[in-house]
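Each of the next two complexes has chain A plus one more chain, namely chain B in the first and chain C in the second.
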Partner chain A sequence: MNEVTCELCPRGCVIPEGAAGDCRIRVNTGGKLVATTYGRPSSIQIDPVEKKPLYHFRPTTSVFSVATAGCNLHCLNCQNWQLSQRGGEEMETLYHLEPSELVASAVERDCQAIAYTYSDPIVFYEYAYDSAALAHEAGLSNIFVTAGYINRKPLQQICRVLDASNTDLKAFDDNFYRRINGGTLGPVLDALVTQREEGVWLEVTNLLIPTLNDDLALVRRMARWIERNLGPDTPLHFSQFTPMYRMRNLPPTPIPTLEKARMEALDAGLRYVYIGNVFGHEAANTYCPHDGTLLIRRSGFHVEEFNLTSDGRCPTCSEPIAGVWK
Partner chain B sequence: MNQSLSFRRLTRRRFIGLLAAMGVSLPWLAYTRPSSRLSTREATFYRREDGSNR
Partner chain C sequence: MQVTHRLRRTLTHDWPGILLVTATLAAIGLYLGLKPVSAVGNGHRVIDFKTVSELMDKGDLSRREARWYQAAPVQENQSLPGVSN
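Moving on, here comes the complex of A and B:
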């Protein structure tokens, strides 16, 4: 039979010879598990760090963003389904870019960081890990944009070469994960705590989908969990849902829903709560949690105004503002 | 196989992909076959049938 068992993510796929795991890109070839998209990204782009979104990590940083095909979740509302719900062999675009070439490309284009993003970097783990190690040697930061569906041991290992992470917490509801994402909630909560313990700068994104996970009691429970387990300084981004992929039957999230969710999270004790995907909303700005001074004004993904002191404090009351500012 | 690519080349590949998507047959421009396009790099974090780990 020559089966192998993948131990990277909680799925624990048992993969017969010649077949791929649930992620489509980890393939059993002759009893050996092969990472088929190692050095084969299908999406490369330069983004501002605010697009990840990371609002408290080196603002205005130019980020070389890279992704390969495949994902270990199957969200019905996936924004990148053409990339994530396909195997490497199905991609029209398949660059050949080894880790050293990836880092050289980022440096050449004056990027200060590399983001492993778009699909889920967990499934191209080895490529992300090797690239991140070389990126550190070249003086670049590493950013993970992930759904956090990974086992503890590989996550702890890659955290050694990561600087920041935006992790999706899709809903504080295991049933939602099973129905909408094809996963479970527990491992994601573990991954959030692990990243915090390992010292990775962490921001959390929650996409609010009308009728499915926008219940304010659910939002309150999630915010309280974040406050207790990750700390009140953890930035939380509520993102607006857009009808997409297999979930075109629901409308975009109404802005008042996002605003109410933000108020719930602030009431629960979180100090930095944002609204995302809504152009020009004032909740995309950073305010001092002590005296309300406007600290960073954003317009889309651009920073229009930056008022923090050089040591990351509020200029009015000297309150330290959590983040990586240099 | 592991060639370093310029962005000019990436654009060319995208253009070829677009032509292919439009149904234009350009077999002489197909730069590799699917099987050889993928990596053969061994993964980490898996267990073989005999119990050995990677």
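Moving on, here comes the complex of A and C:
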């Protein structure tokens, strides 16, 4: 009686009255599906845009970053598990921040963008969508930081109010998605292509986990897929794994592994490939794909040198550098 | 042989204690298995709906209707139409 079927993500949860979807926060009350964390974020922070990571979208932008509880994936190594693997009723902190208040807060703090992040904005879709629409009216950009496990139609709709996205491609391996993340690969690939088609500026992150997805042949297949389906100008970030949550038995990713993966991706034709979250590594910088000129030098999330011309070109060879620079 | 003898002697004399420990462990296992705080089944999660409702009534959680869902297909003997967002 009074069951509902959620159509937001590929899980397609059939939810009896008084129960929640797998994400924990979409609840069936009397036959109506309710987004219980709408306007009730549990995490609010101001980050540099480079932290998302977005390296080719409005560098040095301050981003008002927000998230609610819940997630529709269950990654064993989730670094935000205390937020993502809980329902709203389990959170110690629930801010009251309606979309208009969220946008006003971002403007008050001189942020140029709002990021829907930390857990996964897919599960707080309505809150993200309504806030993003108001943010555009206020002249702010909208950024999604997501695992991309969403159905195509809702994604197409929300892309209309998004400007940039960092989407995880956790492994080019469906078995990995099933075992480690509790999802499947196909919808994520579809979501990447959809965002590209809808004109959202897209950067991809791959977290390399020793023994699980660090095989170079797998990295090569992934890089070739990105090059063919998203384009060679799509920035790819390799991240170093650190033991976390339910995956504390594996070591951190060795830096040579990250470097080899980066070389594979560059050999596959991708023009901008980074090693993130390794402080001081030269692969955190942006180089001209044509003549190797250092274009942007970063130290952690801080931009120390920005050498592009005002129209986003290499200062030495005038090669156009893909990105949203203003 | 000495080990077997000691084991048989332990089981003979200490069986009430062993039975009690076994029964306690079984009860704990049954409890954890039947009543999790948040259990998954058929694509949904069992939640503490009473607490969620109270928080919604207080305003700490929202009653905002979600998008992208449908009511379950209407059965022949039901009069309510399906709702599609």
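The rule we apply is simple: the second predicted complex is superposed on the first by the 326 of 326 C-alpha atoms of A that agree within 3 Å, B and C clash if a C-alpha of one lies under 4 Å from a C-alpha of the other, contacts with A are read in each partner's own complex, and residues count from 1 in each chain.
One rule holds in what follows: a contact is a pair of C-beta atoms (placed from the backbone, for glycine too) under 8 Å apart; a residue touches a chain by one contact, two chains touch by 3 or more.
Note that this is a predicted model, so its numbers are computed, not measured.
Peer 1: Once the shared chain is lined up, is A:Glu3 touching chain B (first), chain C (second), both, or neither of them?
Peer 2: both
Peer 1: Figure out whether A:Ile44 sits in contact with chain B (first) or chain C (second), or with both, or with neither.
Peer 2: Touch partner of A:Ile44: chain B, not chain C.
Peer 1: Look at A:His96 in the shared chain and tell me whether it touches chain B only, chain C only, both, or neither; answer first, second, both or neither.
Peer 2: both
Peer 1: Please work out whether A:Arg11 is in contact with chain B alone, chain C alone, both, or neither, and reply first, second, both or neither.
Peer 2: In the superposition, A:Arg11 contacts chain C only.
Peer 1: In the superposed arrangement, does A:Asn151 touch chain B (first), chain C (second), both or neither?
Peer 2: Both partners, chain B and chain C.
Peer 1: Please indicate which partner A:Pro243 is in contact with in the superposed arrangement: first for chain B, second for chain C, both, or neither.
Peer 2: A:Pro243 sits against neither chain B nor chain C.
Peer 1: On the A-aligned overlay, A:Lys32 touches which partner chain: chain B = first, chain C = second, or both, or neither?
Peer 2: both
Peer 1: Looking at the overlay, what does A:Ala20 touch: chain B (first), chain C (second), both, or neither?
Peer 2: Only chain C is touched by A:Ala20; chain B is not.
Peer 1: Residue overlap on chain A between the chain B contact set and the chain C contact set?
Peer 2: 2-8, 26, 29, 31-40, 88-89, 94, 96, 125-127, 151, 153-154
Peer 1: Which of the residues in chain B come into contact with chain A in the complex?
Peer 2: 1-5, 10, 13-14, 17, 20-21, 34-35, 37-49, 53-54
Peer 1: Using the touch rule from the top, collect the residues of chain A that touch chain C in their complex.
Peer 2: Going through chain A, the ones touching chain C are 2-8, 11-16, 18-22, 24, 26-27, 29, 31-40, 87-89, 94, 96, 125-127, 151, 153-154.
Peer 1: Under the stated contact criterion, what part of chain C meets chain A in this complex?
Peer 2: Those in contact with chain A are residues 38, 40, 42-49, 51-53, 55-56, 59-72, 80.
Peer 1: Can you list the residues on chain A that touch chain B in the complex?
Peer 2: Contact set of chain A toward chain B: 1-8, 26, 29, 31-40, 44, 88-89, 92-98, 101, 125-127, 151, 153-154.
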